[in-house]
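The data blocks that follow each hold one structure.
Each of the next two complexes has subunit A plus one more chain, namely subunit B in the first and subunit C in the second.
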Partner chain A sequence: MELISGVNLKNLMFMLKTGLIVTIYLSIIAITIGTLVGSIIGWARTIANEFFDSIILLFVDIIRSTPLIIQLLIAYHLPGFLGINISTILAGSIVIVLYFAANCSQVVKAGIDSVTFNQWRAAESLGFSYFQQMRYIILPQAWRAMIPSYTGFALGIIKDTSLISVIGVIELVRSGQIIISRTLNPLPIWFVIGLIYFIICWPLSKMSRHLEKKAQFGEK
Partner chain B sequence: MLGFRFQPVIQNMSFILEGVGVTFSLSVLGFLIGSFIGIFIAFGRRSHTPLLRYSSSAFIEAVRNTPFLVHVYFFYFALGEIGVNIPSYFALLIALIIMNAGYMSEIIRGGIEVIKTEQIKSAEALGLSSFQIKRYIIIPPVLRVVLPPSLNQFAISFLSSSLGVVIGVKELTWRADFLQARNFLSLESYLVAAAFYIIIVKITLSTSRFIDKKVFKYKLTDI
Partner chain C sequence: MAGKRILELKNINKYYDNVHVLKDINLTVEQGDAWAIIGPSGSGKSTMLYCVNSLEPIQSGEIFFQGKKLSEQNKLEIHESIGIIFQNYNLFPHLTVLDNITLAPHKVKKIPLNQCRKKAIKLLEKVGLAHKKDAFPHELSGGQAQRIAIARSMAMEPKVMLYDEVTSALDPELVQGVLEVIRDLVREGMTSIIVTHEIAFARECTDYCIFMNDGKVEEVGPTKEVLNNPKNTRTKEFLQKVL
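Up next, the complex of A and B:
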């Protein structure tokens, strides 16, 4: 189907597909590496002394209380300022990984803190090692407190990957912009882009609600 | 150190401060109007009319599962195609209102679920007037549940208004971007803007924590 000369549906679908793959790639990178880094930071905060804890908290707070778009713009300009040369997509990925890690660390810290100290003591008196206490006593309980906010942030980061389009990485939103600049009909394109995000996020949010219910069920 | 030059940015402080005002007006208006609409959506979600229930549910799911950036582009660029031309400030404001309405309705729904009919009945049995029931029985536990996440949502709304930079709303991020395009001091401009965001978000979140600790001394289970 030829819409405008040189622009056919096949090309548009190809462009959307390319963008979609980059969005999915960025989301997976952000969630996997971010969860890993965030869990380590969150766990480190529970055993760190007050000084180190406040230093980690300072960085986490700075990341959490500035808009992602400013972080991305800074990451876009910073390599040139320092005289190193990295690709935009790498700079963007680092920012969203750090952003997710910061949020995730707060979730993990709050989850571990939500388990009362008596549980630690009881586990200790049963002769459990630190690892065993974590594995069998603390984490199963902390997990319940973590699930709702963790899944919320994970869904949020999938949507926030769209911001990377601002620094020029061709992901779903940017490919949408490119298509619009060719076909000049923004309404259906933005609708389709929104729909694609919806198709990705909606099952995940349904799943997270199911997980939440399952986690709450154990408490009653 | 590293050759930072903040002087040219600080000279344009009034320019940046105006941006803080625009950002603030956007996020406060978006949050307040959005919360107001969110109340109706929260009640709509619990209504017995299927049409109301499904449409408010669909609205919430649509808002929560699509990126805010797409909303902004949709209201600014896409609606132009059918002849609805919205100035960039109002396009961002509408996007913020809708985003806040979607998220606040869920927060408010959590608050409504705290209200228990038994408590209202026992308050009536104690002879409290309807105003007293609202003042002492219904409002305090609802606020306890609703207020902290609402302030969190306000902070999110505040940070989200930074997307004005992509459609040319003259808010804080746009002004930082404008300054860096003028004097090539990219990092300095963005860092100054980031400092303003941090200050305001910090104030909001510590208010939330203060309210959580001092105003609501009783845990929900104690009520």
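Up next, the complex of A and C:
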């Protein structure tokens, strides 16, 4: 390999693989736990009274109105300041999960709100319990409104996991920087890393469009 | 069958915040009777239907259905036994016509799906729309959607049917088809309370008539009497305007 002559190729591949695993790990926990927490928060907002809703909204707004990179830096320094001993990657993971949950909760809330009150009323009049109304009538309609923005946020968080590199966690982008510092040949490395992100995100983006189509009533 | 009390309203009062929308409503409906409720917009007619069906809470008074007092605890039971048809149909847009009709009996009453389907087809034949069973609500005309809504409600085998101005969102030429379905049900002995602006239909099809104004029952009696010889001056004024 001409491009990286004089450097142990095996070591570089190992570096890249480690970074990729961390990126995938962060993406998966952000999306799974974040979706779970976000859905609960979003749903809770639809039934909460004004007081509780304003508290939840404050939490959501703080997260949504500050840069993720700042939140990561705070998460890096805060445990030490408080005398808590947790690993950097755990602190960063929590921040990324909460960031996704906050955004997801808005999507879920907006999706449920997009279904008209008349649908609730019609469902109630037929004898469905609250959870049956939710499951059979409201969510199938809300889901349709949620798909585009939800997948937008999901794709966003996969790419944004790279920000965790500012607190020293070695994920895909950071591993790229390390490799470049040894090979001194940035362009091909950045192409390879860009390609890896593309390979992860593109199928998801495709799948989202497929789901959107499937959710169009009457085209099943 | 007539003579058996199925529904009783005693001194019902209902407020939306500080607005007193139903004022001391009393009503006794016997099984098999058809009632018309007429009156100007905003007089509380629809609200009364929602209260009868426990879709809206009341602030004072009592409602009895088959001798049982309505409460938060038996709300679901009441929803199952009393059907209501809305002005805007409110079909479920994500389900086919057939699924719209089978969902409640299958999920709420736990009746096996194939049985629900058979029943649904029968009901669709009755409202003349069996050929639309696989259509989605957005593919239906307003009149068709409203007939499907009636079939959906009937699938729960309700004891009482409530109609909330069911033809007022329809194009004039579609009104008759919907009224025919209601007329057939009334003739079969379905206890019905019909909020309507179709005075001619009320005259032809209902036994009793209530005139409501400003949240109060101003006049009540056999439909022909109320419509032909109204005693209350407000009823007279209203009928002069609409007839």
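By definition in this document, the second predicted complex is superposed on the first by the 210 of 220 C-alpha atoms of A that agree within 3 Å, B and C clash if a C-alpha of one lies under 4 Å from a C-alpha of the other, contacts with A are read in each partner's own complex, and residues count from 1 in each chain.
Note that in this section contacts are C-beta pairs under 8 Å (C-beta built on N, C-alpha and C of every residue); 3 or more make two chains touch, one makes a residue touch a chain.
Bear in mind the structure is a predicted one, so any value in this text is a computation, not a measurement.
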Pick one for A:141: touches subunit B only (first), subunit C only (second), both, or neither.
second
Look at A:77 in the shared chain and tell me whether it touches subunit B only, subunit C only, both, or neither; answer first, second, both or neither.
first
Does subunit A have more residues touched by subunit B or by subunit C?
B
Is A:168 contacted by the first partner subunit B, the second partner subunit C, both or neither?
neither
Looking at A:128 after the superposition, I want to know if it touches subunit B, subunit C, both of them or none. Which is it: first, second, both, neither?
second
Using the touch definition from the top, say if A:118 reaches subunit B (first), subunit C (second), both or neither.
second
Residue numbers of subunit A touching subunit B in their complex, please.
61-62, 64-71, 73-74, 77-78, 81-82, 155, 159-160, 162-163, 165-166, 173, 176-177, 180, 185-187, 189-191, 193-194, 197-198, 201-202, 205
Spell out the residues on subunit B that touch subunit A in their complex, using ranges where they run on.
2, 61-62, 64-71, 73-74, 77-82, 155, 159-160, 162-163, 165-166, 173, 176-177, 180, 186-187, 190-191, 193-194, 197-198, 201-202, 205
Interface residues, subunit C side, partner subunit A - complex:
53, 55, 76-77, 79-80, 83-84, 86, 88, 90-94, 103-104, 107-109, 136-139, 152-153, 156
Where on subunit A does subunit C make contact in their complex?
118-119, 121-129, 132, 136-137, 140-141, 144, 217-218
